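Since the structure comes first, as structure tokens, the remarks are kept for the end.
To keep things simple, chains are lettered A, B, C, D and E as they appear, and every chain counts its residues starting from 1.
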Amino acid sequence: MKNKKSKTGFLVLAVLLCLGIVWVCTITGAASVSISDANRILLNKLFHLNVSLEEISKGNITIIWNIRFPRIILGFITGAALAVSGAGYQGIFKNPMADPFVLGISSGAALGAAVGIVCHFTFRIGVFNSTMLLAFAGSFATLFLVYSISRVGRRVPVATLLLSGVAINSTLSALMSFIMMMNKQSMDQIMFWTMGTLNGKGWNQIAAVLPWVLIGLVIMLLSCRELDVMLTGEETATQLGVNIELVKRKVLFASSLLTASVISVTGIIGFVGLVVPHVVRLLTGPKHRRLLPVSMVFGGAFMVICDTAARSLTTSEIPVGIITSICGGPFFLYLLRKSKKGGGVV
Amino acid sequence: MKNENQTMLSFSHAAVGYGEKVVLQDVSFQVKKGEYVALIGSNGTGKSTLIKCVSGLLPLTGGEIEICGKNSRKLKARERAQMVAVVPQSYYVDYDFTVEDIVMMGRNPYIDFRHRESQEDREIAERAMKLTKTDMFRNRLYNQLSGGERQRVILARAITQQPDIILLDEPTSALDLHHQIEVMELIRQLNEKEHITVLAVLHDINLASRFCSRIVILKDGKVKADGPPREIINRREIIPIRVMDEKQTAKPLRIHVICGEKGGVRILEQLTNMGHFVSAGVVNRESDDAEICEYLGSQGLRLIPSRQ
Amino acid sequence: ETDAFPVTVMDDFGNEVTLEKALESIVSLAPVDTEILFALGAGDSVTGRTDYCNYPEEAADVDSIGTYMEPNMELILSKSPDLVVASGFIDDNIRQQLEENGTAIFITNASDLESTEKNIETLGKLIGHDAEAEEVVKNMEDEWTDLSAELENVKEEKSAFIDIGSLYSAGPSSLLDNSMQMIKVENVAADADSAWPQLSAEAVVEANPDVYISLYSTLEDVQQTAGLSDLACLNEDGGFIYTDGSSVEGDMIQRPGPRYVEGLKVLAELVYPEIAE
Amino acid sequence: MKNENQTMLSFSHAAVGYGEKVVLQDVSFQVKKGEYVALIGSNGTGKSTLIKCVSGLLPLTGGEIEICGKNSRKLKARERAQMVAVVPQSYYVDYDFTVEDIVMMGRNPYIDFRHRESQEDREIAERAMKLTKTDMFRNRLYNQLSGGERQRVILARAITQQPDIILLDEPTSALDLHHQIEVMELIRQLNEKEHITVLAVLHDINLASRFCSRIVILKDGKVKADGPPREIINRREIIPIRVMDEKQTAKPLRIHVICGEKGGVRILEQLTNMGHFVSAGVVNRESDDAEICEYLGSQGLRLIPSRQ
Amino acid sequence: MKNKKSKTGFLVLAVLLCLGIVWVCTITGAASVSISDANRILLNKLFHLNVSLEEISKGNITIIWNIRFPRIILGFITGAALAVSGAGYQGIFKNPMADPFVLGISSGAALGAAVGIVCHFTFRIGVFNSTMLLAFAGSFATLFLVYSISRVGRRVPVATLLLSGVAINSTLSALMSFIMMMNKQSMDQIMFWTMGTLNGKGWNQIAAVLPWVLIGLVIMLLSCRELDVMLTGEETATQLGVNIELVKRKVLFASSLLTASVISVTGIIGFVGLVVPHVVRLLTGPKHRRLLPVSMVFGGAFMVICDTAARSLTTSEIPVGIITSICGGPFFLYLLRKSKKGGGVV
């Protein structure tokens, strides 16, 4: 009973909070669009209300509706996806250092993107351009490589998976660096790709990632209970009716899908996927049924706020990863110190 | 459908090992529905290994195991967990789960993304916690419990699984005498009232012969003896276990029960029922137990307020 | 100047850029492009520049829209630009988003004098400042003619190692390598296998360059590098040339814009002090 | 120097808890050199907690503990480990250490960067493995042993520590009856021959009264009773533990020992010494044990080749 | 007995192997110095033999004796220090993902170096220049920060330590990126610094790091036994007479000293400290008494070989981290697959 009430309460609160954040962030930005203008554009475009936009300059409409608003939505999606993905990996590996990139997904993506950038491919499929496609392909190729290397018969021991991931990660990063080295012209471009940003991303990118992110999130949220049981040990989980290999595959796939789809669009954004689940775990405890949804909301909101800072604080963009780390790091440390347990979690 | 004499668990020439090392060579025996079998064998004979096989943690290298008539190799983890619950020899959890969380996990085999955890599930867990007396620390963290408390929590989880078969690996090793008998008694109740088939690894042959309907002795990877306790202990074969058998149910004993609080009832009753000469001592005259002793006394229990 | 529109030109990335009408607003996403635009006399139309656009001085009056790596989309769009001029670093997504919002993008990516001049001419044509472009290019050509005449006087060609920090150097087909060729300096890193190679200390010692041009490290730092302290050029007058990479001279050397030949001259005079007289 | 009557372990008003939760309120008792004390109490009374305090894992919140006359608070880990060895209730190792590695770690308190591990150290470990019969799997990995095997390895490590005091937390919980008695016997030997002081948490009051010289009963964070087994079990106070006391050494019992392999000697001998009427059964005529039975038989042991 | 023999055998073999590697690497390189010349220079300089160097050009002598040979020695020191440091951290944290940089030592160093580069400090103390000094100071400041944040009373729980390290690492890296962003001019310089290299390092740098590395190695090697006991659990270790807090402090200090001193000179070199201990553990098992010395030798030799490849393969230098990862990664994966256990180590 109590449980259910608090759940609904949480849901309502979370949705309201998110809407609030999205609205505040939409009216904030480097370009000065007045609040009333911003509101009118939102009302017109979002709810198809009969609000006249005639007095508002075309530039401002573009800024709010084609740049700022989709960027905020994409930021939320990105933050949510990365945080849930990180929580998933941390659960499967039972390792506090696991992040969405632990299996080499990111270096695979970066390598793919680097190949795309160096070869100046220009093909595109629907909303995907070549770099995005190659990054996505790189991620998944890496995942399958790591998975098949770690496979022992029908089992995939997580310890091996983790070590393989670590090794593949180094190797692919090195290959990418090598490509960068050999192609000075593309070097900066590759480097900027790896320093993820939401700058310049819009509705197209949302369309490109949303389906995958939704699939990933649904799979993850449906695996909560099994993840909880897995935390108590693989043997016990088997005895409690969990098909552990299936769960591993499922969660790895979903987490990787979340990460790969998001980073192939935004480039590599660190920190969120690593630290948000820890922050949330300090608040909710280890149960995934609470950890995952709260991480999702928290990750998304955190990302939106940081990205707003990234695009508004100075005239130039500050890479959002820098903001997340500079603000989030000390906050996490503060929580860590405050929690009496001393963070003996995951 | 379900025949009372149904074979719940059947080992035929089961063999298993770890890598090169063969642990079980050729184990064959069957457990019928409603039996309460004690598995006995010295350290390292493979009792825990056998339990691991049944619960699907180790693949057989030879022979077959059938669970409720189904080949163990082909069982899905979920199906198996609905039929078989395991109380392992020892059990750690690194994470901050509460006792309630742990017990609720017993419902996992019945929940999936279509069937969410229901009020009924919660009630079943509730009942299991009551039965094992773990409900008073339901909100404490599992990894902050004492050894004995943990053992009971895991038993509660197994009960929550509502299995047809329950496998227990030294379920009372960390329990004090009081809880030991309570837990054994609880298991017997489950066995008798709910017809759950029980296979328990026990080192205490006395406990085994008092509670179980049958004893299976493992040695050298094979079943060395198999039968009702009385028979087993009297067998002419060489049984590699030293038994202090003065506690055999077959022979009435004089037993003095020291008890002073309420709660002694069950033990006193049970011992009396077993045909022992029971005496109870140092009972507080005013206490609940005293009344019960008096009551039982009229049924053949000699109440002696103090010894010597 | 007015009836030329619509204009279509090809930029350094091979993209066709078309302008339908005369320009009102240009945003520059690279210091070198700002220099070109101002040199072409289109300074008044420049409504946005990057933080690093430090030349000419008037550029400081223009609003900044960020850095060339991370320009701020909103600020760019708030200038409602007809044209964005960018360097090769521009991010694909930003480009795409700009194009979708109806902004033309011209990309410059020069690495020698010829392509620099070509860029100036093309850009001039695009924005309808052909005449100014011609003038600028002619100036550069004149300067170059003067410089090459002076270089005739060089008796002994020198070899040089350019150190842009931590022994990284300018490899083949880089702007600096091309510059060195033009001023008759043999680049020690000319046959390296990438455009931005790091030479090993032993390769530098073996090459034994006549001049050591350091853009960031001081002589003391360089001498701390193992084995280099023995280099002849570090121990004789004029062998070590330190030109702060972030100074005016540094900019001139490293920007393929209107001041490129001036930069060449500075470099040449540093290496061959005799032609300075 | 060392007085035979020296106090080895002294609790005076010791109090301890976890965070807010108080577990031990006011524990006072002393253990003299060479004593063999059983610590008894129901689950969750704080027996393991008490052992943790002595071994320095938990800081006291009140009172004092003195070990060999030294205040426990001021002891360095190294000093303490030279005096006190602990056999914990359960023990996991995540890493691939062999049994020998684990046992050798018992020498850690005596080795430092000046004194490297010597031949003598190795011999001490060797002897401990022999005593606990763990030498046959010395090269196997600890985490691939069965529950009972592990328990003996840890005992071997404690012996290797050559402590003055040994603290055992349910040292026989995972052992089969045979090893249980062997281990208890071994501890008694250490106690008698090497004058090691023993404090053992035991749930089996029979085992306790058979082997220990003194029983301390914990309840509600305090010492509830303290004295020799005979006295304790006959005390008039309300002892909250149910005791099946028909095994008391005070009363001679008829005990039938089923044994067939060699190794029964010690048990037979010991039981005889305890004054019980011992019978041994189902002995292979040709086996070692038969000879021993015959030998003992002349000293009052009745050898019956088969029962009934 | 057997133990001792095999120990001596290992020692002799290891020393011979290392000498062989050093020699082969000394006669290999981009600059073409003939083998006999190289040998003569070595004999003369190293053993003060009366071998005439008159016919050999001064440049070649400089190349062999002032550039190549010290670089090899420094490479060995670096590899050994990083591998031992990584093994130490992995032991203390019982985490396979721990590497020498897990506590933020590297980002502290990089931040220090970045400050030095941006501020154009020119002070120097002995063989240390300002960048080195600031990097070293940055490392240690970070270590103390992480340590004191994680401290709970007199105890320092490793879980908290690890999480704090992770957070500080992100935060400091972000700060460094921020400095880089704000100082376009110094950006490349800072980037070069973070891409560690042995190029241009010589006797001065050896003199600068050797004392610290020796102190670090000695402390680590003397802590082997205690580290072994710690692996079996902190409670047990206490009961076996190990002062766990002291050991933690000791090992953290020594590992950090090793890492900080080395990277303040070479810049950040990844992979070696992470993967070498794993490779060695697959061969030797978890006991530090074997793990640490073998890691030391293996790490050193591996580094020397990779660095030789880095300076000889092409006309320009390849950053050594790239070589170590590209060669070492697949080798590690091969070992991981081969080891039947499936790498369920650390």
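A few points about this structure:
Everything below uses one rule, namely that contacts are C-beta pairs under 8 Å (C-beta built on N, C-alpha and C of every residue); 3 or more make two chains touch, one makes a residue touch a chain.
Chain by chain, the UniProt names read as follows: A, E = Iron chelate uptake ABC transporter family permease subunit; B, D = ABC transporter ATP-binding protein.
It should be emphasised that the depicted structure is a prediction, and the values quoted were computed from it without experimental measurement.
The chains in contact with subunit D and with subunit E alike: there are none. Distance from subunit A peaks, on a Cα-centroid basis, for D. Centroid distances built from C-alpha atoms place B farthest away from subunit E. Between the chain pairs A-B and C-E, more C-beta pairs are in contact across C-E.
Centroids built from CA atoms put subunit D at 83 Å from subunit C. Inter-chain spacing, taken between the CA centroids of subunit C and subunit E, is 39 Å. Chain centres here are Cα averages; for subunit A and subunit D they lie 55 Å apart. Residue positions of subunit E touching 2 or more other chains: 181, 319, 345. With touch defined as above, residues shared between interfaces to two or more other chains in subunit C number as follows: 51, 67, 70, 171, 193-194. Within subunit B, residues 92 each touch two or more of the remaining chains. Contact annotation for chain pairs lists A-B, A-C, A-E, B-D, C-E, D-E, with touch applied as defined. Within the complex formed with subunit E, the subunit D residues making contact are 52, 55-57, 76-82, 84-86, 88, 91-97, 101-102, 105-106, 108-109, 111, 113, 117, 161.
Remark: subunit A residues 95-98, 102, 149-150, 152, 157, 159-160, 162-164, 166-168, 170-171, 173-175, 177-178, 181, 195, 270-271, 274-275, 278, 316, 318-319, 321-326, 328-330, 332-333, 336-337, 342-345 touch subunit E in the complex. Interface residues of subunit E facing subunit D in the complex, by the touch rule stated above, are 94, 222, 225-226, 228-229, 231-233, 235-236, 238-244, 285-287, 341, 345-346.
Residue ranges of subunit C in contact with subunit A, taken from their complex: 50-51, 63-67, 69-75, 77-78, 80, 88-89, 91-97, 100-101, 109, 171, 174, 193-196.
Of all the residues in subunit E, the ones that touch subunit C in their complex are 29-32, 58-59, 62-63, 66-68, 70-71, 122, 129, 181, 184-185, 188-189, 192-193, 197, 199-205, 311, 314-317, 319.
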